[in-house]
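Going in written order, the chains are labelled A, B, C, D, E, F, G and H, and every chain counts its residues from 1.
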Amino acid sequence: MTADDPLEGIAELDLDRGRRRGGYPEAVFCEGKSPEQVLAIARRYAARGEQTTEPVLFTRADEAHARAVLEALPEALHDEQARLLAWPPEPPAAVGELVVVACAGTSDLPVACEAWLTARYLGREAELVVDIGIAGLHRTLARLDLLRSAGCIVVAAGMDGALPGLVAGLVGAPVIAVPTSVGYGAAFNGLAPLLTMLNACAPGVAVVNIDNGYGAGHLAAQITAPR
Amino acid sequence: MTADDPLEGIAELDLDRGRRRGGYPEAVFCEGKSPEQVLAIARRYAARGEQTTEPVLFTRADEAHARAVLEALPEALHDEQARLLAWPPEPPAAVGELVVVACAGTSDLPVACEAWLTARYLGREAELVVDIGIAGLHRTLARLDLLRSAGCIVVAAGMDGALPGLVAGLVGAPVIAVPTSVGYGAAFNGLAPLLTMLNACAPGVAVVNIDNGYGAGHLAAQITAPR
Amino acid sequence: MTADDPLEGIAELDLDRGRRRGGYPEAVFCEGKSPEQVLAIARRYAARGEQTTEPVLFTRADEAHARAVLEALPEALHDEQARLLAWPPEPPAAVGELVVVACAGTSDLPVACEAWLTARYLGREAELVVDIGIAGLHRTLARLDLLRSAGCIVVAAGMDGALPGLVAGLVGAPVIAVPTSVGYGAAFNGLAPLLTMLNACAPGVAVVNIDNGYGAGHLAAQITAPR
Amino acid sequence: MTADDPLEGIAELDLDRGRRRGGYPEAVFCEGKSPEQVLAIARRYAARGEQTTEPVLFTRADEAHARAVLEALPEALHDEQARLLAWPPEPPAAVGELVVVACAGTSDLPVACEAWLTARYLGREAELVVDIGIAGLHRTLARLDLLRSAGCIVVAAGMDGALPGLVAGLVGAPVIAVPTSVGYGAAFNGLAPLLTMLNACAPGVAVVNIDNGYGAGHLAAQITAPR
Amino acid sequence: MTADDPLEGIAELDLDRGRRRGGYPEAVFCEGKSPEQVLAIARRYAARGEQTTEPVLFTRADEAHARAVLEALPEALHDEQARLLAWPPEPPAAVGELVVVACAGTSDLPVACEAWLTARYLGREAELVVDIGIAGLHRTLARLDLLRSAGCIVVAAGMDGALPGLVAGLVGAPVIAVPTSVGYGAAFNGLAPLLTMLNACAPGVAVVNIDNGYGAGHLAAQITAPR
Amino acid sequence: MTADDPLEGIAELDLDRGRRRGGYPEAVFCEGKSPEQVLAIARRYAARGEQTTEPVLFTRADEAHARAVLEALPEALHDEQARLLAWPPEPPAAVGELVVVACAGTSDLPVACEAWLTARYLGREAELVVDIGIAGLHRTLARLDLLRSAGCIVVAAGMDGALPGLVAGLVGAPVIAVPTSVGYGAAFNGLAPLLTMLNACAPGVAVVNIDNGYGAGHLAAQITAPR
Amino acid sequence: MTADDPLEGIAELDLDRGRRRGGYPEAVFCEGKSPEQVLAIARRYAARGEQTTEPVLFTRADEAHARAVLEALPEALHDEQARLLAWPPEPPAAVGELVVVACAGTSDLPVACEAWLTARYLGREAELVVDIGIAGLHRTLARLDLLRSAGCIVVAAGMDGALPGLVAGLVGAPVIAVPTSVGYGAAFNGLAPLLTMLNACAPGVAVVNIDNGYGAGHLAAQITAPR
Amino acid sequence: MTADDPLEGIAELDLDRGRRRGGYPEAVFCEGKSPEQVLAIARRYAARGEQTTEPVLFTRADEAHARAVLEALPEALHDEQARLLAWPPEPPAAVGELVVVACAGTSDLPVACEAWLTARYLGREAELVVDIGIAGLHRTLARLDLLRSAGCIVVAAGMDGALPGLVAGLVGAPVIAVPTSVGYGAAFNGLAPLLTMLNACAPGVAVVNIDNGYGAGHLAAQITAPR
């Protein structure tokens, strides 16, 4: 690196990671980085310019992170609920199978949206289904056709985290379960739904970290990728 | 106590506890007691003789405990699966509302049976429903009429522990959830279903200790008692 | 849904849940929802108008949530200590058996009040008893007659969480134990009283989630419902 | 059920579950069931006879379970290391993409074998790669071509559980991570690798329960199913 | 040490510890030591002979440990329930204030006896009170005079561990609380009563390790020592 | 209670608890109470007036709590570091044995001060020793004479919590160990020193809740009370 | 101490600790101390004046702590990212072997810098390597020559904490692993990488507390000290 | 591999690992391997014959493992207490600095011996010091000269785990702390000493996994290697 490299001592980007791993671009995890660090990173992507159309995602971006990204990449899409920015703002054309992202409660929406947008920006058609929790079984059953049309289903749920197991018992596609930190008391910030999902009675449930909508969307995109 | 009291230094029975608390007789928790201690206790109940028809239950009895009880009370009922002995062997006439005990998997049967027999010996009509876990939703729905006829439902489940919340969303009666230690790995000997049940999205779920079939059956009998 | 549905993509209400589950109306859990989302939901209930007299509860409402509810339902009752709003503001006429809500310490009052109001708005006569913790046994014993007159007792306690077991040893009615996050250090935000209650030596104790006054009140109302 | 049904009061089989969920047959989880219960279940499958060629798997079978299965289905395959029995003994013809099962240490072999056999009996071509742990990086890199040819990779690892994240950073296919209970001390029976895997820095890692080789193999078969 | 010292490379005894710390003799914790190691240690005490009348205690001694101690010190007292051996077998004359050891359930007796014997062999008058658990409040109140006559009370309790807090609210003397591993499920081998005792609402409760009857008895003897 | 009782529905004071338990006055735990509630309680004590000279302590008082107490009891002592108020401000004349409160690090001072003031206001002579942690052994040994002159020693320590065990090995008096939440990372808010203290190798260590300086001081006062 | 000693009742410094332990000067842990306390301590060091050139470090200093230190020692070095101040500002001349501090992600930089500066101020040559996480293996391998030239390597990593084990498998020098609290959800504030590191498959990994960059740098300096 | 390779499908040895990592030979972790697998591995080392004099260690070997090793390598050293076998039986000539292994209690000897033998077989002079626990401070201080002569000190301790921090405050060399699973109750199988050691107040303490004597000895050998 030269002395005036703005990322000197901060981070080494992995600009051709998409090519090496077969088409999945890098995401910048903003939490724990200063806005200045995020700005320096975003500028590096801005400098890539026309060399590539591969999208970059900025995840877990708070307001200050978002301002930093938008300073360098003013046309980036910013979804506040999902705390996600994407650049270029237009998602790629959808290929592969359908990803359905289902959401147990309204409070799980931020995580579900992160998964949904991630899948979309990684090139999949993606649908978001709201509020089909296990306490109202009729709501889940009403969406069975949609669920069964998916190549992969992401289910985000907090509290008892029972929805992914219920869904997995009704479909043949793999279910990516995302525990959320929604809940209180013995939910222990997502530990309860995490354990529920790891112990799902129905086979076909794979689990990612608590609140990890990005990881779930990424996995769903991999699973439904065109062959 | 006189010097020849066989329980001297071991335990003080509570023979009229049934009267004081309003009709719920004592149970002898055998685990952690030596067979000799259990024998001494059983003999005391045998000595009660005709004074009362109130049943006594011996719970969590292993084979040695059971032999000790049967030595003192040879006509006692012994259910090996539930690890429970009851004396007198005939349950009282059923009064109050129906108790339904539902069981997520075959491995949960010992706990479910303990709850079922407890409710029955405390004077309730009680039904046992087997293997209606959340992974096979059609099985649960097929029993909906029975579930809705109960004054209280006990649901025993290990692994993901999701069944009580599912049932509670379908009925108006209170659900007593019993987490079981069935499962492995991240089930953590019943911790996972315990947390799931405490976080059940549907209201109407109350939880007892892991594997506590006796406590669940007792509560169900209290809830469905004639008024 | 039509394009101008204000709940589009937020939540699906369950307006006739009361009928399906046998008389227990829905509650809106505000925590984790934005004030805008709560406002949209409250407006939907406002639009129900004269169709029903079934109450709706808004639980765990902070100040912003409360303002949102009151904007849509200006006549709703708002109990700040319990963080609860109820609409219509008049509770239904009381039927069934008496619910007693007991409270170990002053700091447990918010949870106890939530349980008490929930039971009252679900149609029960309900009494609140303050500050009868185990460290002052005489206080508990002084209320024994009231406790024994209840069809169900809710006991909220933090720290050592010992009160529910003490009460259950003195009465014949079922006890719903609510651990609270009151305490510090090894109380671990309610974990200590939760474990105490799950291990209560006296039978007749059922446990709900930490700080879950709503769930406790709901269960108490179910248990004491007229038959 | 008729009175002489040998499964009366034990379990309700789900014989056409394969059809309902789209081709994935049932597995019988033996742990926690008595040999008599397993025998009764195996006989029911034996009675299916020529109606179907769909395989059934008996998982977590100890010696007594295995004898019970073999009494009813004497031609079943029995892999002692994987504690798995399969019937019919011939796996179906392989369709879909390749599944690679990788194994960090010799002690992880039982779990890896369970995953490998499950994928194979659910109709996939499957390869088992032994002993490519992170402490000997050259071993992992030597298998990179095989790993990159898979449609899905299962990685079983105990102790530090770092291998799945390493592999996921090198390939484009989804990685199913199986923590194993191999290790001691602060491995806490698999908790350490479970947490490692949930926190894998590389996207593309989904986690199943500790020692859940069956679940991992099932998921891998779903992900690589022919479209 | 000389080459033929039987403790060479095993342990260094602390024979005059009693003098240095002011009168409390050493105890040999047998668990984790081989019978041969315990034998070598006991022989060293035997060799002390007439030099001292200070007692030595061997705690947590299983059958093999006990045989080893009795081989070297054939006249030692052996209490199997408390897993304790004492030599010389006669406890010293009692001085100081009374120690009362109370015991919540029959299963807690081994721990309570260890505390009781320890206090007695460290020179205190000591009384053992059996089975006064919180679920039967009348039993506790019946012993109030004895409890109030003590200079220190040791309370051993498993499961909910609520008894020490109840006792501490009724007396002025300090209470040493010993959680026991009695219980199951969410008792988590003594964790539940440990937390309960640490959070006791009444002041005056100090806690020792789970099942640490020796430590409790030792503390009680220190607290009640003559001044 | 009459309708204008300012504590109506808030708390029942226990004004003669001192007499019932033998001389230890009540403390008001402020955390979790509103300033208004604390004010109402303080006014009740103010109204006691000349009836008694028994002190009352207000513990864990933040600034708002302190203002409330001082509004009702303007002459009360307020120690900000200990978050404690005492009224009357003059501690009683010292009787009984000496209490020494030792403190591992500067950050442990608030807890140590709470213990020290509590012992002092409960009528003991009390000394505070600062900064004698295990990492600087010479500091501890330099205070050995003072430590050995105490009737009871309170030791507050965070992080590794090793000091109480070290002290207990050097003295004959009982040691009350107070884990503090000082530390970071694997100190887990006091869990690490709590476990250390419960497992102290030296006998004579009793443990109270994390940061519970009040409880430690109270116990020390009980142990050193005049006989 | 004299009555006007500004540290009276706060702390006892250990000014010649460097000599006693063989050359490693004291560090002042600021967290949990008030700015006033830190100021008093810094003034004491300022008063040492010319007596010594041994450096002192102030660690975990927030802004207020830093201002206090700089008031007393205005020429001290202040590294905000590492939250560390050093005085005198010039590090000593480097002796002994090279210390390399490696850092898995940008968010781990504060901890890595604390380790790096500590090693430097304790007299070692030290290099900082940024962003060589396991998910991008090529980055790690590119630095192999530097890593192999070190006498000790410090590796800071959050989330899965896998990097230290990877490095230890590639070099012969000891690796000091520092788990960081970077991450979310099941990272549990550093617990996940802590467990990973304790279970590293490669020998040669020693672990310090979560976020304990100071401790890691100190150990590295000890290990690489000139002999 | 050829078809008759006895390790086919079991493990890939790393025979020249010593050379690659700079002189530290491989160890075979026996736990979790079948005796047959261990035999096959031992035979491979036997076949190495005269090519190398580099030792191989077999760790955590139970009796069956030991028999298997001795069948292939009959002259191997077998230390039953340390559960370790070494081949060739003669340790290499000692080079580098002295390693001292200290042991808090007799029950910690197996772990301490494993560390001691490992350091010795990796080419260091090594001394074992027994029973210098913190409860008997005079024992520790009596060994101070030996401790200060070491280039690295390994300290094994269970229960409160306080010894490593005490030692580190007295010496300038790095201390490798090994928590052991010795203890009961709140020792939680080594969790308590693990946390204590991670939070040691004295700098200079690095921690390895519970009971990991091998890892500690390996690190000590690395740290004291000749330069």
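One rule holds for everything that comes next: contacts are C-beta pairs under 8 Å (C-beta built on N, C-alpha and C of every residue); 3 or more make two chains touch, one makes a residue touch a chain.
Here the structure is a predicted model, which is why all the values come from computation and not from measurement.
Visitor: In terms of touching chains, how many steps apart are subunit B and subunit G, taking the shortest path?
Guide: When the steps are counted carefully, the minimum from subunit B to subunit G is 2.
Visitor: Per the definition at the top, count C-beta pairs in contact and tell me whether F-H or B-D has more.
Guide: Ranking F-H and B-D by C-beta contacts puts F-H first.
Visitor: Taking all residue numbers at the subunit A/subunit G interface, are over half used by both copies (same) or under half (different)?
Guide: Different; most numbers are used by only one of subunit A and subunit G.
Visitor: With chain centres defined as C-alpha means, what is the inter-centre distance between subunit D and subunit H in Å?
Guide: It comes to 35 Å between the two C-alpha centres.
Visitor: Between subunit C and subunit E, what is the separation of their C-alpha centroids in Å?
Guide: Chain centroid spacing, subunit C to subunit E, equals 45 Å.
Visitor: When you check subunit E against every other chain, which residues touch at least two of them?
Guide: In subunit E, residues 105, 136, 169-170, 185-187, 191, 194, 198-199, 209-210 touch at least two other chains, as defined above.
Visitor: Under the touch definition given earlier, write down the residues of subunit B that touch subunit A in their complex.
Guide: Touching subunit A: residues 104-105, 133-137, 159-162, 165-166, 168-170, 183, 185-188, 191-193, 195-202 of subunit B.
Visitor: Which part of subunit F faces subunit C closely enough to touch in the complex?
Guide: 9-12, 14, 17, 29, 31-33, 37, 60, 179, 181, 189-191, 194, 209-212
Visitor: List the residues on subunit A that touch subunit D in their complex, please.
Guide: Spelled out, the residues of subunit A in touch with subunit D are 21-24, 27, 97, 151, 169-174, 176, 194, 198-199, 203-210, 214-215, 218-219, 222-223, 227.
Visitor: Touching residues of subunit C toward subunit F in the complex: what are they?
Guide: Touch residues, subunit C against subunit F: 105-107, 109, 128, 130-132, 136, 139, 182, 184-187.
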